[in-house]
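Common to both upcoming complexes is chain A, partnered first by chain B, then by chain C.
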Partner chain A sequence: MYEFFRDLDRRWIFLLMFLAVSVPILAQLQFPEKPTGLAESTFREIDDLPPGSRVLLAFDYDPASEGELGPMATSFVLHCAAKGHRMYFLALWPVGTRMIEQKIDSVLRADFPHLVYGQDYVNLGFKTGNEGVIKLIVSDFPRAFPADIQGTPVSDIPMMQGIRNLLDLDLIANVSAGYPGTKEWIQYAVTPNPSDIRIVAGCTGVQAPLMYPYIPSQLPGLLAAIKGAAEYEKLVMDRYGHLVHAEDGRVSGIYAEGRRRMGPQLIAHVLMVILIIAGNVIYFVGRRREARS
Partner chain B sequence: MQRTVPLLIAIVCGFTMIVSFFIPAAQRSGDDVAEIFNILAAVAFVLGGGNLLKIHLKKVSDQAAGWGYSLITVTAFLLTLCVGLFKIGANPADRYPGHAWSGEYSETGSAFWWIYEFVFKPITATMFAMLAFYVASAAFRAFRAKNTEAVLLLGTAFIILLGRTYAGVILTDWLPDSLSGLRFENLTMTIMNVFNTAGSRAIMIGIALGTASVSLKILLGVDRSYLGGGRG
Partner chain C sequence: MKRETLVWTIVFVIGGVMLLANAFLRGAGNQYVRVDERAFVNVGTDDDPKWVNAGSDDILDHDAATISADRRVSWKTSSTVDARVWAEAERADPGQRTIVFSLSRTVGTWLAALFTLAILSFLYRDNPFYKSAESIIVGVSAAYWMVVGFWDTLVPILFANIVPELVKGTVMPGISDSPAMDARIKALVALVLGALLLCRLLPKGGWISRWPMAFIIGAFCGLRLIAFLHADFLSQISNSIIPLWVVDPATQTFDIWSSLENITLIAGVLACLVYFFFSIEHKGVVGRTARVGIWFLMITFGAAFGYTVMGRIALLAMRLEFLFEDWLWLVDPAGRHAIG
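Entry: the complex of A and B
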């Protein structure tokens, strides 16, 4: 028995992980979510703004992180649309534009068809330069983004009128998978203008520990990984879910993705704990046997 | 000359950025430098593409180990580049219906969109998802309580793993309110807010001091290693 576990083929572990993730997905396993303080403060930052406020939505992530960050991006867009904020989308990652398009299609065009492009939301697309772009828009927004993604000059876009720099926007909501991302937005936009620019962010679990030092003065709200997304999603849906209910009472699955993905995460985390314990039991049994012999 | 001109550019641009941060009247100059940086970053994409071609075509030509992968890389790169540049399958923009290339290269239904949706997206998502399997295997084989530090790390990992899911609530919800600080979700918050933040801040301060020191050396021309080719 000991030898079997000691020399266990790692493909058995792969199989266990596969089952731990796939069974909850197929069984649509969901658990209740209890929002923590960070999710609540993120919610309040957006919710306390008066309708019509200008929110910059910077989607700095790619399909590799979509599983973790997609649900929080959906909730950010839903929350802003439900509150009647004007949304300015941009990306510092090349494929970020696809993420923006996806959210505009699945949330704004699907459930808020009355919102008008150019008046209620605008997609400014991707710009190279990483933190260089952030530095430039802090002082001169149209210089960095002279046109939207379709090539329409910002002077012809109604909601861009009066936007001289980032200080003219009320909040930044950043979804970040790495560099450039939340850290750069904080360092180059918020830190030099602490009383004029506010930011909330959603980031991957790997990045989250690096963001905590900025909480709460530089970063009042943070959604860490899918757990943060699920908590924020619950808060948004509890308050504004009625706006996206179909006539038959059903809600599109995209507004429950965060909570749905917590099911596989729970089972996978429990499996990890069991594997660590099992690995250590085998290790100590092995040491005792060696000492005896 | 080859090294002096880039050195001067770096020094002038660096000092311009510093001056523009502290003196509002010089902000415009700082914006100019930032814009130049953004344009150079765009040019770097071209250089990156050229470099990728150079390295992988050489590997294919030499038939070095793994040249087949290089061939796939070059083919995929050129195919995606051509499909995007020539806007294959993209419709003309509404404003310019007479101009075939006026449409959006990545519009829904275009060849570039197809490559993104059905090749790039699944491949990158799969690569990332594979991590779960390797992390699980590593947890079983390598995460050993060999000494005090390892035991502390293991304990923290257990609390975070359970506290970041509903499992933590299920396991410790029975604790009375007077001991609520010991519930997994609250312990997780304490670890992140106190221990993690303290450690991260210390590291960040160290990095900031190091960055300032290296930046000064570059701006004063003491450190020229970024120019390549040793000291000059």
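Entry: the complex of A and C
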């Protein structure tokens, strides 16, 4: 028995993990989500703003992180649209513009067709320069973004009137997959202006431990990985889900992606725990046998 | 033929037949688009053009019928829609041309699925499918970053300031053709530094590239040092100065959980700092405190590992969702493919 597990081909582990993730997807397993404090504080930061507030949605991620960050980006857009906030989209990652367009298409154009581009939301696109862009928009927004993604000068965009710098916006909602991302927004925008700029963020699991030291004074709300996305998604859908139900009661699948991905998470994590325990048991049994011999 | 090769050949043939049957009989993997035609008419003059949307009410103010064809432009845009929407449109108006099958997007879905499988096949062992997919990804990524670098950095920041008339007249009509002098000078300095950086490729002039490199390192050190000092050093000290005896402001009573939370935080910070303090030998009280610091660090690493696992599983779940939902149509949680 010991030799069997010791010499087990690692491809059996891969197969087990594949089954642990694929079976819940095929069976469409979902488990109830209980939002934790961080998801609730993220929700409150956006929800407590009066309608018409200016929210900067910085999508600093690419398709490689869509699985984790896509659901929280969707929920941020849905939440802002449902509350009637004005949305300023931008990206510090080149592919971020595609992510922005995708969310505008799937959320705003699909379920909020009455929102007008240029009045309710604007896509400023990607700007190269990483943290340099953040430093620049803290003092001079139009200099960094003289035109939107279609080349329309910001002076011709109604909702850009009166936007001189980042301090004129009420909140930053950042979705971050790495550098540049939440850390840079905190370092270059929030920390130098603690009373004027507030931020909430959603980040990948790999980044999350690096963000916790900033909570709560520099980062009042954080959605960490798919778990944070699922909790926030539940909060948003519980409050505003009725706005995105079609007449036949159908709801777009994108509003349940976060919670749907928690089914495979649970089974895969149980498998991981079992594998870690089994690996340790095999290791200690092997060590004891070596000592005896 | 080796036994293993024979088994894999049979698996591939059966799998391929099932995939094709699934695609042709159920339409699995098919992509549909809504086609919108946009048309604009120039109601101004050649010197002062004024474009009006031909589908808007504004066109009623003009006699559009008399405007020649060379003053009209039109193009088509397509946006992805669910197969269910296409089926509903077909039922309502058979043969309609507004929502149509998209061959290019269907091929894209199949390519994405086959590349996903090719990459995952590495888990079994290295093979030509994985190597091909890997090479294509590397090539496409390199080309993509070159294009991004050209269109998002060189054109709008460098060329638009050095040769603004050319850029405005060819690729970016929205920019100013008379940028400020300081912007021109900055762009020229950047151009010179960039050219010096390329001297690294010269067989004898490689040392010249150290000057722009020194500039880059110096500028970034200055930029990042201040930010780190402010956000990660001073602010973290400030964040660690917290009350150990917390009173609930609402009830004015002792809040035991918040107090324990703060005590744990302070104890963890101090213990970890002691662990990294190597000027004193880790013996006695210092040694025991450092050992507590190790425990805190281990718990932190464990939490970080847990988050990493969660992230990776989410990515795997997303790829499998794509394969099962978008490609094979095995699941349909949102009723996107309900054609029947």
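In this section, the second predicted complex is superposed on the first by the 293 of 293 C-alpha atoms of A that agree within 3 Å, B and C clash if a C-alpha of one lies under 4 Å from a C-alpha of the other, contacts with A are read in each partner's own complex, and residues count from 1 in each chain.
Note that in this section a contact is a pair of C-beta atoms (placed from the backbone, for glycine too) under 8 Å apart; a residue touches a chain by one contact, two chains touch by 3 or more.
Remember, predicted model here, so these are calculated numbers, not experimental data.
Tell me the contact category for A:Arg261 with respect to chain B and chain C: first, second, both or neither.
second
Look at A:Lys34 in the shared chain and tell me whether it touches chain B only, chain C only, both, or neither; answer first, second, both or neither.
Only chain B is touched by A:Lys34; chain C is not.
On the A-aligned overlay, A:Pro209 touches which partner chain: chain B = first, chain C = second, or both, or neither?
It touches chain B and chain C both.
Is A:Gly253 in contact with chain B, with chain C, with both, or with neither (first, second, both, neither)?
second
A:Asp140 contacts which: chain B (first), chain C (second), both, neither?
Touch status of A:Asp140: first partner only.
Would you check which partner chain A:Met272 touches, where first means chain B only, second means chain C only, and both and neither mean what they say?
Both: A:Met272 reaches chain B and chain C.
Answer with first, second, both or neither: which of chain B and chain C does A:Val116 touch in the superposed model?
neither
Would you sort A:Leu19 into first (chain B), second (chain C), both or neither based on which partner it touches?
In the superposed model, A:Leu19 contacts neither chain B nor chain C.
Does the superposition put A:Gln218 against chain B (first), chain C (second), both, or neither?
After superposition on chain A, A:Gln218 lies in contact with chain C alone.
Does any part of chain A touch chain B in one structure and chain C in the other, and if so which residues?
In the superposed arrangement, which is not itself an observed complex, chain A uses residues 14, 17, 21, 64-67, 127-128, 132, 135, 192, 205, 208-209, 213, 225, 227, 265, 268-269, 272 for both chain B and chain C.
Which residues of chain A touch chain B in the complex?
Residue positions touching the partner: 8, 10, 13-14, 16-18, 21, 31-34, 36-37, 62-67, 95, 97-98, 101, 127-130, 132-133, 135-136, 139-140, 143-144, 149-150, 192, 205, 208-210, 212-213, 215, 225, 227, 262, 265-266, 268-273, 275-276, 278-280, 283.
Tell me, which parts of chain C touch chain A in their complex?
79, 123-124, 148, 152-153, 157, 172-175, 223-224, 227-228, 230-232, 235-236, 238-239, 300, 303-304, 306-321, 324, 330-331, 333-336
Over in the complex, which chain A residues touch chain C? Could you list them?
Those residues of chain A that touch chain C are 11, 14, 17, 21-22, 25-26, 28, 64-68, 70, 94, 105, 126-128, 131-132, 135, 146-147, 151-153, 184, 186-188, 190-192, 204-206, 208-209, 213-214, 217-218, 224-227, 250-254, 256, 260-261, 264-265, 268-269, 272.
So in the complex, which bits of chain B are touching chain A?
21, 27, 30-31, 34-35, 37-38, 41-42, 44-45, 93, 104, 106, 116, 120-121, 124-125, 127-129, 132-133, 135-137, 139-145, 154, 157-158, 161-162, 164-167, 169, 185, 189, 192-193, 196-197, 200-201, 204
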